[in-house]
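Just below sit the structures, each encoded as structure tokens.
Next come two complexes, and both contain chain A; in the first it sits with chain B, in the second with chain C.
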Partner chain A sequence: MLDSFFVAAALTLDAPAIIPSSGESFFDWLSNSVFVSFVVSAFIIWFARQATKQLTVVPGPTQNMFEAVVQGLYDLIESIVGSHMVARAFSLLATLFIFILVSNWFALLPGVGSIGWGKDTPAGFEVLTPILRPTTADMNMTLAMACVFMVFWLYWSISEVGIKGFLDHIFGVKGGLTGFMALALIPVFLFVGVIEVVSMAFRPMSLSLRLFGNVFAGETLLSTMITLGKQLNLPDWIAYALSVTIPVPFYFLEILVGLLQATVFLLLCSVYLQLSTSHDEEEGH
Partner chain B sequence: MDELLTQFGISGPKFIAQVILFLIVYAVLKKFAFGPIIAVFEERKKAIAESQANAEKIKKQLAEAEIRYQEILRKANSEAQHLIEEARAASEATTQKHLQQAIKDAENIISKARESVDLDRARMVADVKREMIHLVVDTTSKVAGKILTEADQERLAGETTKQLAA
Partner chain C sequence: MIPHILAAAAETASGISGSFTLAIAGAAAAIGIGMIGGKAVEAVGRNPGASGKVLTLSIIGMALAEAIAIYALILAFQGR
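Then we have the complex of A and B:
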């Protein structure tokens, strides 16, 4: 058994294609993280259909679980974006949360990052191109979600408050100032507006990098813990035992981090939306 | 910038594939999962609101029924009291009437008995008087030793009658 000891591949920043090819190929886009996105999407859609296939006022176990998640998310999102926006934004924000959560937890399943193409080494079979890669540990995915959200954010913000209102949110004089004071502060708020625009432009990057960084770091941590015995050149049987036992607490940590990162992404998106769609009377400043 | 993107493994086709995948999940969930679930929430919320409204209505009706019941009970009590009073009054009137009738009947009986007694007494007195007159006439005729005439008999009878009356 120890002869076929697997060495999980350390994650690379680039998600390789699951069909290795020597040159340019049509399937280059089908990276291992895109493949995992397929799997995660299929699972989410299948589960949602199971839960909502036969909706009843008195729910069954699956519907009840799905309803609990949806109800919890709905209440949370409504408390942030307000009742006027929740009906429009709920589906996207809830999809973001569920997709990120399932992707993060999918990454903890055995086989993710450790099954794939590789080569025999003196230390055992080393996986170089895993078939399954945590999709949230790929910047393409996190950036895709952030960009999709930002497009919807821009559309909802403008449709909710109008272009004038949107620009006023960014560049307008705040604090209810009028008269000379307002005039005097216009240059200051214009400058603040420019900073705000830069900040908005970086939001997709900050959202995606935060999620990517945390999941990538978690995966690297797990990979390191699994291969710790080998890296310390311990005897095979000790390295094998350590590769099973040491990662356990980190798995629990990653379960928590997966939930936390999904929540952070959801909360930030909700807050961005609330900031740009709140009407003056609701702002309280 | 390109170098940075390449360093992080960002490539156009992969990025677009992820965007499309995510949009598909979003569209499917929105249409087939969140929409129906939220509709169920609304339906349930509506049913709960209706139930609460019904409960309030029933509570109100119950309170009204309680008031009506109390009113009916009070009215029934009042009517029963009134009936009892009337019955008592009627009973007393009947008793008095019967009593008066009984007294009247008794007085009639006593009066008739008294009249009867008086008549009997008068008849007896008359009989005694007649017997006494007859006895006096017979005795006088036997003592005198002669047969008394019709005129003597009438005179004796008259004197006897006078003395008995005295």
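Then we have the complex of A and C:
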């Protein structure tokens, strides 16, 4: 009786389409992580409207929490990016943070990853295409977010420091050298600039791989821990007891990792922004 | 006696599988994160007032160090 409930949801690297389409059907793009991104953004929008329905000077509980989140993010970003840039960059960075955080924590709800189409295996029903799957556990989503940020980063830094300033940031002679020394070191700094460009080009990859890797590894960790009793083919009732008790600490770990990865994504994006939009007067000659 | 043990060890060693990339990357990232954590704790010990800024910088440092292990982890998932 017990073995029918075992669900070994092995996550595949790419997010399969929810509706198992035979041929080229219209809903091919609706993968389970895209569906969850709709659900998550709908939840965020509903919560935001709920909090800002009637704004009172003495805030109600929802509004109070919402204000705390927005104010905290504003101060954090301002402390990194500087008061001038924060007005421009706050909306994108805060949205990225909130979306990643909510989708990471949404992934810890019971239904995600364990309900869906699958096949009967001797070890019980195995879910092959779960309906719900955390959006950040899908490389497309994290890469999309990272690329969107890089486009904005390029636009902001060029509009902030100008094309000449932007190129000077990368290839310019740094360290306040002047005169003959500067001329002598130009080829060196050109080479440094090339390395700088390579590292800038790799930033979206590292941002997206870090977020994707952490969340994907967390999902796999949880599903392995849940099915640990079954894998060690212990007797059913021990396996059932293990599958309930073992994952509990890992759920707390996942809550922390979800928050940490969202914070890291936000911090790194604002640090990258600050690096390339800092005006000359701050560097000091 | 010793050669038997060595032979047995060699034989089992040949059977070792698993992802060496992940083992090495994980170890290196762990050392890096440990050092960052150690230094951060020292810094806060020396100047408790700056704990907020030290926390932010150490989180960024640890994230960058951990990213290397995540690259290896993803390779390991793909079976390399």
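Quick notes on this one:
Methods note: the second predicted complex is superposed on the first by the 279 of 285 C-alpha atoms of A that agree within 3 Å, B and C clash if a C-alpha of one lies under 4 Å from a C-alpha of the other, contacts with A are read in each partner's own complex, and residues count from 1 in each chain.
In this section, a residue touches a chain if its C-beta (ideal position, glycine included) is under 8 Å from a C-beta of that chain, and two chains touch if they have at least 3 such contacts.
Everything quoted here is computed from the prediction, not taken from an experiment.
Of the two partner chains placed by superposition, A:T62 touches none, neither chain B nor chain C. When the shared chain is aligned, no partner comes close enough to touch A:T224: not chain B, not chain C. When the shared chain is aligned, chain B comes close enough to touch A:A51, but chain C does not. In the superposition on chain A, contact of A:S31 is made with chain B only, not with chain C.
With both structures placed on the common chain, the touch criterion links A:L268 to chain C but leaves chain B unconnected. In the superposition on chain A, A:F90 makes contact with chain B only, while chain C stays out of contact range. Of the two partner chains placed around the shared chain by superposition, chain C is the only one that A:S206 touches, whereas chain B remains out of contact.
Within chain A, the residues touched by chain B in the first complex and by chain C in the second are 13, 212. Those residues of chain A lying in contact with chain B across their complex are 12-15, 28-31, 33-34, 37-38, 41, 44-45, 48-49, 51-52, 55, 57, 59, 66-67, 70-71, 74, 90-92, 94-95, 98-99, 135, 138-141, 143-145, 147-148, 212. Taken together, the chain B residues at the contact with chain A in this complex read 7-11, 13-19, 21-26, 28-30, 32-41, 43-44, 47. If you check the complex, the residues on chain C that touch chain A are 56, 59-60, 63-64, 66-67, 70-71, 73-74, 77-78. Within the complex formed with chain C, the chain A residues making contact are 13, 76, 79-80, 206, 209-210, 212-214, 216-217, 220, 260, 263-264, 267-268, 271.
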